[in-house]
Amino acid sequence: MVNKIMETAVFLIQCKDQRGIVSRISEFVFRYNGNIIQSDQHTTDPENGQFFMRLEFCFDPDFVSHKHLEDEFGILAKTLNAQWQIHYVRQRLRMGILVSKQDHCLLDILYQWKSNELAVDIPFVISNHEDVRECVEHYGIPFFCYSMDGISKTEQESNILSMITGTTDFIVLARYMQILSESFITSFNKPIINIHHSFLPSFKGANPYRQAYERGVKLIGATSHYVTADLDEGPIIEQVVDRVSHRDNVDTLMRKGKKLEQIALANALRAHTEFRILRYSNKTIVFS
Amino acid sequence: MVNKIMETAVFLIQCKDQRGIVSRISEFVFRYNGNIIQSDQHTTDPENGQFFMRLEFCFDPDFVSHKHLEDEFGILAKTLNAQWQIHYVRQRLRMGILVSKQDHCLLDILYQWKSNELAVDIPFVISNHEDVRECVEHYGIPFFCYSMDGISKTEQESNILSMITGTTDFIVLARYMQILSESFITSFNKPIINIHHSFLPSFKGANPYRQAYERGVKLIGATSHYVTADLDEGPIIEQVVDRVSHRDNVDTLMRKGKKLEQIALANALRAHTEFRILRYSNKTIVFS
Amino acid sequence: MVNKIMETAVFLIQCKDQRGIVSRISEFVFRYNGNIIQSDQHTTDPENGQFFMRLEFCFDPDFVSHKHLEDEFGILAKTLNAQWQIHYVRQRLRMGILVSKQDHCLLDILYQWKSNELAVDIPFVISNHEDVRECVEHYGIPFFCYSMDGISKTEQESNILSMITGTTDFIVLARYMQILSESFITSFNKPIINIHHSFLPSFKGANPYRQAYERGVKLIGATSHYVTADLDEGPIIEQVVDRVSHRDNVDTLMRKGKKLEQIALANALRAHTEFRILRYSNKTIVFS
Amino acid sequence: MVNKIMETAVFLIQCKDQRGIVSRISEFVFRYNGNIIQSDQHTTDPENGQFFMRLEFCFDPDFVSHKHLEDEFGILAKTLNAQWQIHYVRQRLRMGILVSKQDHCLLDILYQWKSNELAVDIPFVISNHEDVRECVEHYGIPFFCYSMDGISKTEQESNILSMITGTTDFIVLARYMQILSESFITSFNKPIINIHHSFLPSFKGANPYRQAYERGVKLIGATSHYVTADLDEGPIIEQVVDRVSHRDNVDTLMRKGKKLEQIALANALRAHTEFRILRYSNKTIVFS
């Protein structure tokens, strides 16, 4: 009986460290009859640090409404001078996908979505090329192509922006080979997750696999990060590597890299959609 | 000023999951002016599960004594029907080392101890052979040899037992090639950490590297676990692996394995001495 | 001009070690105007061992025909008392796929095949269920369902056997949840590659992820191996692992394991189709 | 009988690719009654590439002298226009060690040397500080301190140079915190192997762990490479990584990094001393 009406939510909280925070927040949950499922906490420095918390709990929405919960928590947060968000697990995030021609990350994402391994809604996939239309539509997802042909970059970005604004909670660049302008990023003002095909900060910019080949590295990597106006400099979410050798050429590096890109991006998307990530400075806290 | 007198402690708590536990425990810390440095919590199953918590906090021992803290927490724990331990970080655990002839894990432990990377006291090293005496004494640690020659296993174990009882908080078997009797384990009644030179549960028992070679595996591993009366079946703390190939023979597997054994054991000892491990069923929770 | 007519082939050779083998084999290639692209050699034991060689070379088929090359090499091999095979790289292996309901390995294989990352022909996919029909046919590959319903296992195997005999060079079990009979394996008499969802020899048999969960391991794995009559005991080709923790339950182990299964199987198929694998005793030599 | 007098040697050969090289080289070994133990070969590009070979063989020095072998191979190599070296396995390389204050790599090397896992002679250890004297002398190895105090860098390098010239076959910088001048490197004119405490090319220069911490990476690494006049830009031999998280601070990165540095350097030294490395452009071929 009871189970039917319970709901799960996640608080993400950050503030200056101070005595009694955990106590006050957990008391808050208790006061509203909530039960903590998982709580993670991190303090950057015991003496003078920042406090970060992720608190996953279930509660009875008939006992306390979303609005009431949020209003009351807002009051508590104010006394802590804390930034906070609440996410209701049933309300799946709406994830827009931007992609160019390469489809390996896209297909991996769509497969996980279809298999219920990635709990998001995907309102559409946008590309600057037609190449992936068929495989997107095969999954029953609307596909829109905003080509760069014959229009300015500003115009193209503006078209995409009007598409994604209000319809998405975040965007994933699943190998989107255009650099987004600072104005685009600022206007959208929601998280954008990218997959970079190198072990950042090595091999920023173009052709990282060729750069890796030229340098003769013995491991290659892939990095998923939040996009900021500084290209390839945003907060890193996840990195993975694989061993390579003198036997590898640029082609085999690219082939091995595709698998790494899938894994790094999938892990990053899972962490983001499970509300496990807090950002500060130019870094991430990713609770496991 | 204040810093001089603050002390750090860790609670390890487990009980049946119930509403309000985190709230009551964190309120307890707050009540005694403590500040939570790190808290980790795990519930095995949201509906009907077990609750596990590690809570690291600092407090002023002039404000609340160890005894008072423990007495009061004991009362709270009773109402939760919880098992619990408290560890004061300043009181380093006393770690007895048992070893046979192979010295690679021993030396790695002693080096970390000397470098203050492993915060333990080492009252002595015990062996059934004389081989490692010099390197132990070089570190200024007492060395005792309890040979198996001319005495029964029961007698030898009894000698060791009287040595370690009351003088150690836990024992590490840093490649100790004798199987401890059930009676020894029961009598000692404190944690014993072993390093097994295979990726358990593969290749239990003797000569795991030969077994791995015969089976033709492509990865070898090492496993650190708590010792129970069931040989090689105790709760696993840490496992690591490395890649091998047809080029490896038993000797090179052993050489690669030595590094794995060092790493797995070092990680396990760090987790244990930082009070990050909770045991349940035949498993471990290792908070990161 | 010249490039148009050159062809690439691979010799796989094994025999008792003896002086002059490399010299005689490489002289053979030279005699027929071949150029060695890559040669790998392994001797199990310098004193009294077995010799294994993979030799990839290009040659002019107008200068020496396949038949002549094979006849002449046969004569040489006889004097060495060697087992040998030749593979012409242009003649892609015909790979039959057997699968049940789970499609993650199947889709990964089909994607690599479509992207020309796996150089095989796939004459058909066979399943004992209808579940994956659509995704197979979407790739333009014939799909056949041989259900177990209402027929004996012997009958079902016999149907499959008549399908794959003469039409395939090897079979991959891409999560085929039936145990093949010894008689099936003997009758087919060609390589069968399986993916087992554990780090063999741990957790043989059914429900390996549940077994891993119960045992509380800190790493899970996947193993690709050749199938022999001894279930889960055939020669191992590739193994990969990933880290897990107390936070994982059987479901998340399965999700992480799916990625491991894809990777281990893809690596094994690549090695097999590039003719990099030699089998001896119950092991493999996998040249990199 | 025969075994007593057999000797093992390794050829390292590189030249422009051409038909018949393997045949001619292996015929050469055969002609002198040698038996190939292991041969590895790599061609950078089948059409127009560079050829690299490592050939390990045993021969009877009573049948053919070192001088005769070398003279005759010199003639063959000339016709191939090849660079080549021969190494007799019994003649252990003389490895000079330079170190500053940190001893973790030094101790790991000395331990492997003592355990016969690293087949080198160590004529001495040189440092610019006194810190590691005791642990070096404990191993019975001469220790020399060339302090920077009161003398110019040129003078100090000149002292070291006169020490290592003629007495060593290569030098390892086991955490030597001085940058060697181009003139030093040129004058010594033998291999110098360094361990850099980052995943190159990321975080070159000073304080790589702090750089990694600031950037918020999720993996840290260590790189062993040959030293060239371009700091941190020499040919990479080996790289390893380990996972880190927001829980790590600069201190724990350094602690984890120490283990990585030991592993990367040990692997590089093993490859170098087993004559498995060929250099070209600014890269290495490391035969496994």
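Just so it is clear, A, B, C and D label the chains in written order, and each chain counts residues from 1 on its own.
Everything below uses one rule, namely that a contact is a pair of C-beta atoms (placed from the backbone, for glycine too) under 8 Å apart; a residue touches a chain by one contact, two chains touch by 3 or more.
No experiment lies behind these values; they were computed from the predicted model shown.
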item	value
Selected interface, B-D versus A-D, where C-beta contact pairs are more numerous	A-D
Most widely separated chain from chain D, with each centre as the mean of CA atoms	A
Where chain A and chain D are represented by their mean Cα positions, the distance between them in whole Å	42
Euclidean distance of C-alpha centroids - chain B vs chain D, Å	37
Multi-partner residues of chain B (each touching 2 or more other chains)	42, 245, 247, 288
For the chain A and chain B complex, residues of the former touching the latter	3, 17, 19-24, 26-27, 29-30, 33-43, 46-47, 58, 243, 288
Complex contacts: residues of chain B adjacent to chain D	104, 107, 111, 115, 117, 138, 245, 247, 255, 259, 263, 266, 288
Sites on chain A touched by chain D in the complex	42, 199-203, 215-219, 221, 235-241, 245-247, 281-286, 288
